[in-house]
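Next come two complexes, and both contain chain A; in the first it sits with chain B, in the second with chain C.
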Partner chain A sequence: MTRLIARAAALAVAAFVVLGPLASLAVWSLAERWTAPSPWPQRFGLKYWNRMLTADFLEPLRLGVVIALVVTAAALVLAIPLGYALARLPFPGRALVLLAFLMPQAFPQLPVFASATREFYRWGLAGTVTGVVLVHLVGALVFAVWTMAAVFRALAPELEEAAWNLGASTTRTFVSIALPLATPGVVASAVLVFLYSLDEFTGTLLVGAPFVTTLPVYMYTASQGYELQIASVTALVLMLPGAVLLLALERFLKSEYLVFFGQL
Partner chain B sequence: MRGVAPIHVAAAVKRYGAVAALRGVSLDFPAGRLTAVLGPSGCGKTTLLRAIAGFLRLDEGRVRFGDDDVTALPPQQRGTAMVFQSYALWPHMTVFDNVAYGLRLKRVPKPEIAKRVGAALALVEIGDIDAVARRKPAALSGGQQQRVALARALVVEPRVLLLDEPLSNLDAKVRQRLRVEIRRLQRRVGITTVYVTHDQEEALAIADRVVLMSAGRVVQAGTPQEVYLAPATEFAADFLGVGTRLEARAEPGVLVLDETRQRLPYAGAERGPVVVVLRASDVALGGAGATLGGDLEESLFLGDRWRHYVRIGGAMLIVDGDAPRAAGPVRVSVSAARLRVYPRQGGSSC
Partner chain C sequence: MWRLYLRDVFYTLGVAAAGAALTFALAIPVCGWLRARAFGPVEFLLKVPLFVPFVVVGHALRVFLSPWAPGLAGSWTGIAVALAWKHLGLAALLLLGAFRAVDESHLEAARNVGAGTARLTKDVLVPMSAPSLAVSAVLIFSSMLASFSIPLMMGRGGGAQMLMIDVYYRFGQHGDFETAAALGVVGYLMAMGAALVYLRRLTPPLQRRSLR
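This part shows the complex of A and B:
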């Protein structure tokens, strides 16, 4: 009996910690009028959710998704061959290459992006979508290259040797054997990169401002203008793809990849 | 079908850093025959097989198939077919697609592919061909996966068939059966075959010729009977069969055991410090003639025979017999004709 109570209490605490902030967001997103002394909004309504259907909101959403798709495609095109090379070829400096990709993550984000922005101004990339895509790629490639290298290392080399042995060229072997077998890893990698790009804020704000506005930037601007309702709606919408895709990802991410993850 | 070619390996050397995996291996694998390469793990046998397949480049030496020098050719152009220890079947393809892969690479017309895949699966006696062909490899038993791997290798009609410990992942019963089938299959298709194994019984049973390797070198090559009955070195004698090594001193007409000073009559030509290898089947408890004294410590029942462990000084002599025996002092008779005596060296196995 006491154990049951203890478990119920633990669950309640966990639920509060996880769901509390979410509930607060949900309440805020529905509050049409909520002035200071009141513990509860005076008037509820869907006014701000309806604002979702206006260009104010849909344009940043569309732009953010387009940027995320471009970043995902570019990251995969670069990371699949690079990850394969890192996994299979025993070239010297393998560890250095992997570390080089980790470097931007090793330092605080703000100075890294700030100095990137300064460079981008010189090349005329500041305030452009291209600039935002590039700054997202810096972070995205870490996930993508490390995941792909781990995925390809988890493939038994004999599977490819068996194809060479029967006369398949290296390219054909890669396309017909290694790549299909790495598909779960490619999907996992794509999901991680897509979500990273969709939610990326610091770099987007520094490089993209004032012309490129994605949802996280929009949310930030809204909350700065004390439109907490707009910020809440945006936050809830931004959470959705993450929750859905990560649940789907669980099926694809095999534990054996993790064995090789981060091995230099 | 291309002509059946012998394989010649000449002075093959392969080093990994400071370690030499092959230290000058010269071997001929006769055309159309099955040659077993036998040795403990790490002796270089798999390295040799991978060098023949072209998966690794030799530091020195040549590989020829008949008159073709293939040393510089990549694996794609060698026309070998390999069966891997792990089978290396492609899990994302059906059995049919696995077997058809090599034929599609050669742009064989579709109807012929279907015919040849069916014939190859029939050759390896897979059972219900149509049902199996549609399945993924993971849905098959280990023995069936092994048959599919064989079919995938044979369907391309290779010049050379390479088998890397093909039965080591199977349980004993299936292994025994597949061993016989591989033997029969190889006789039927008549492809020059190299069969790498660490299992001496398997090698002796299956092969036309046995090559015994140790520490990157060939110790002995010959028919299974030659290698088993007349081992060329102490390593060969010790590795093949179940036996015991005893250190002794060879003097004219007599061997004196180092530890216990017991004496055995000896007619051979060795002199000085030697190693005597006594196989369990060549010695017996009791009996007349030349004997050694020792203490019987343990008798184990192996089903078809009893295996006795007799302590002689610091060594444990293994003696096979038909009946159990109480522990205690015993005499072990040694047949003079079966005495295998080798000069003692500092040499080691691998």
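This part shows the complex of A and C:
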């Protein structure tokens, strides 16, 4: 009995702490009027959700999805061979490449993005979609290379050794043995990179300003203008893909990938 | 320049330390409890923050805190709370992994001599997974030092700022790239100690399984 009470209490506290802030987004998104001293909105309504159907909101959404698709494709094309090489092949400077891909995990990103923006101004890339794709690729490649290396390392090396023993080249072994086996990992990596790009804020804000607006930037602009309801609606939409992923894939995602979500 | 920003350096260190302390103050007892008796729903809830992007966390905690505690959201406490909320997911993931790696026989031995969940956590789980705890703490602390979106979304009051906010305003608002870059280097130096521990712990397993 006491055990049941302890569990119920733990669940209630965890639900309040974790879901409270998320629920208040929902309350705010429905609050048509909420003046200061009241602890609760005076009038609820769908006014701000209807704003979602205007170009104001749909254009950043469309642009963000297009950018995320391009970033995902480019990141995978580069990360699959590089991840395989890091997992399996000794090559000169291997430790250095590894270090280069680990650095952005440990160091502040913002100064890197600031330098990138300054260079991009010189090349006419600041404020363009190409510039934003490039800056997303910095982070996306870290995610993609790191997960792909983990996926290839998790494959049993015996199968590839057998192919080598039968005379297959490194490329052949990679294409016909390792790659098919790694398909689920490639899909997981693609989903991760897509979400990363869709939610990326810092780089987009610096490089994309003032012409490229994706949803996170739109949300920031709205909240700066004290349009807290618009920002809340956008926040809920931004959370949606992550929520679907959490509900659908929670038990399938290895903790190795999950750690990367902490960086979003 | 130093006189201007020294205060912000200490402010940043302070907020990150408070945030990391709060994260672990919440995560250690909960994960210890979850290790002793598995309870799916709470474990699931703990993972939720992992899937909420930083910008959304900043805004969510701003609108969560502001109606009931006006002024708290933009203060150092509000930022530390928001950072702790976001990192709770990561901390839970790392701590549960570490606690589950502790062999069941140690827990049984402690239970046989009468230890409850609290004693079990304090005297068995935490000491036995101390190295992983240290790595998690370093990881979370340095991530908090470098945080940008959360303090930006929580709103900018007067007074001391997080260092990355300074970098952003110096660069974005004043076009003063040189000072922004210098502040960025200060940020790197603060993360450096943290990064060294992180790299030393994480690279060896990666180098072990090459084929030829």
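We adopt the following convention: the second predicted complex is superposed on the first by the 232 of 264 C-alpha atoms of A that agree within 3 Å, B and C clash if a C-alpha of one lies under 4 Å from a C-alpha of the other, contacts with A are read in each partner's own complex, and residues count from 1 in each chain.
The rule is short, and it goes like this: a contact is a pair of C-beta atoms (placed from the backbone, for glycine too) under 8 Å apart; a residue touches a chain by one contact, two chains touch by 3 or more.
Being a predicted model, the structure only gives us computed values, none of them experimental.
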| item | value |
| --- | --- |
| Partner chain in contact with A:S169 - chain B first, chain C second, else both or neither | first |
| Chain B versus chain C as contact partner of A:L181, first or second or both or neither | first |
| Chain B versus chain C as contact partner of A:A100, first or second or both or neither | neither |
| Partner chain(s) touched by A:A14 [first = chain B, second = chain C, both, neither] | second |
| In the superposition, chain B vs chain C on chain A residues touched | C |
| Partner chain(s) touched by A:L22 [first = chain B, second = chain C, both, neither] | second |
| Contacts of A:E161 with chain B and chain C, given as first, second, both or neither | both |
| Partner chain(s) touched by A:V66 [first = chain B, second = chain C, both, neither] | neither |
| Overlap of chain C and chain B interfaces on chain A (superposed complexes) | 161 |
| Touching residues (chain side chain C, partner chain A) in the complex | 26, 30, 33, 39, 41-42, 44-57, 59-64, 67-68, 70, 85, 87-90, 93-94, 97, 142-143, 145-146, 148-149, 152-153, 164, 167-168, 171-172, 177, 180-181, 183-185, 187-188, 191, 194-195, 198-199, 202-203, 206-207, 209-212 |
| Sites on chain A touched by chain C in the complex | 7, 10-11, 14-15, 17-22, 24-25, 28, 34, 36, 38-39, 86-90, 95, 98-99, 102-103, 105-112, 114-115, 117-118, 149, 153, 157, 160-161, 199, 201-202, 206, 209, 216, 219-220, 223, 228, 231-232, 235, 238-239, 242-243, 245-246, 250, 255, 258-259, 261-264 |
| Of all residues in chain B, those that touch chain A in their complex | 53, 55, 74-77, 80-82, 84, 86, 88-92, 101-102, 105-106, 152, 156 |
| Of all residues in chain A, those that touch chain B in their complex | 156, 158-159, 161-169, 172, 176-177, 180-181 |
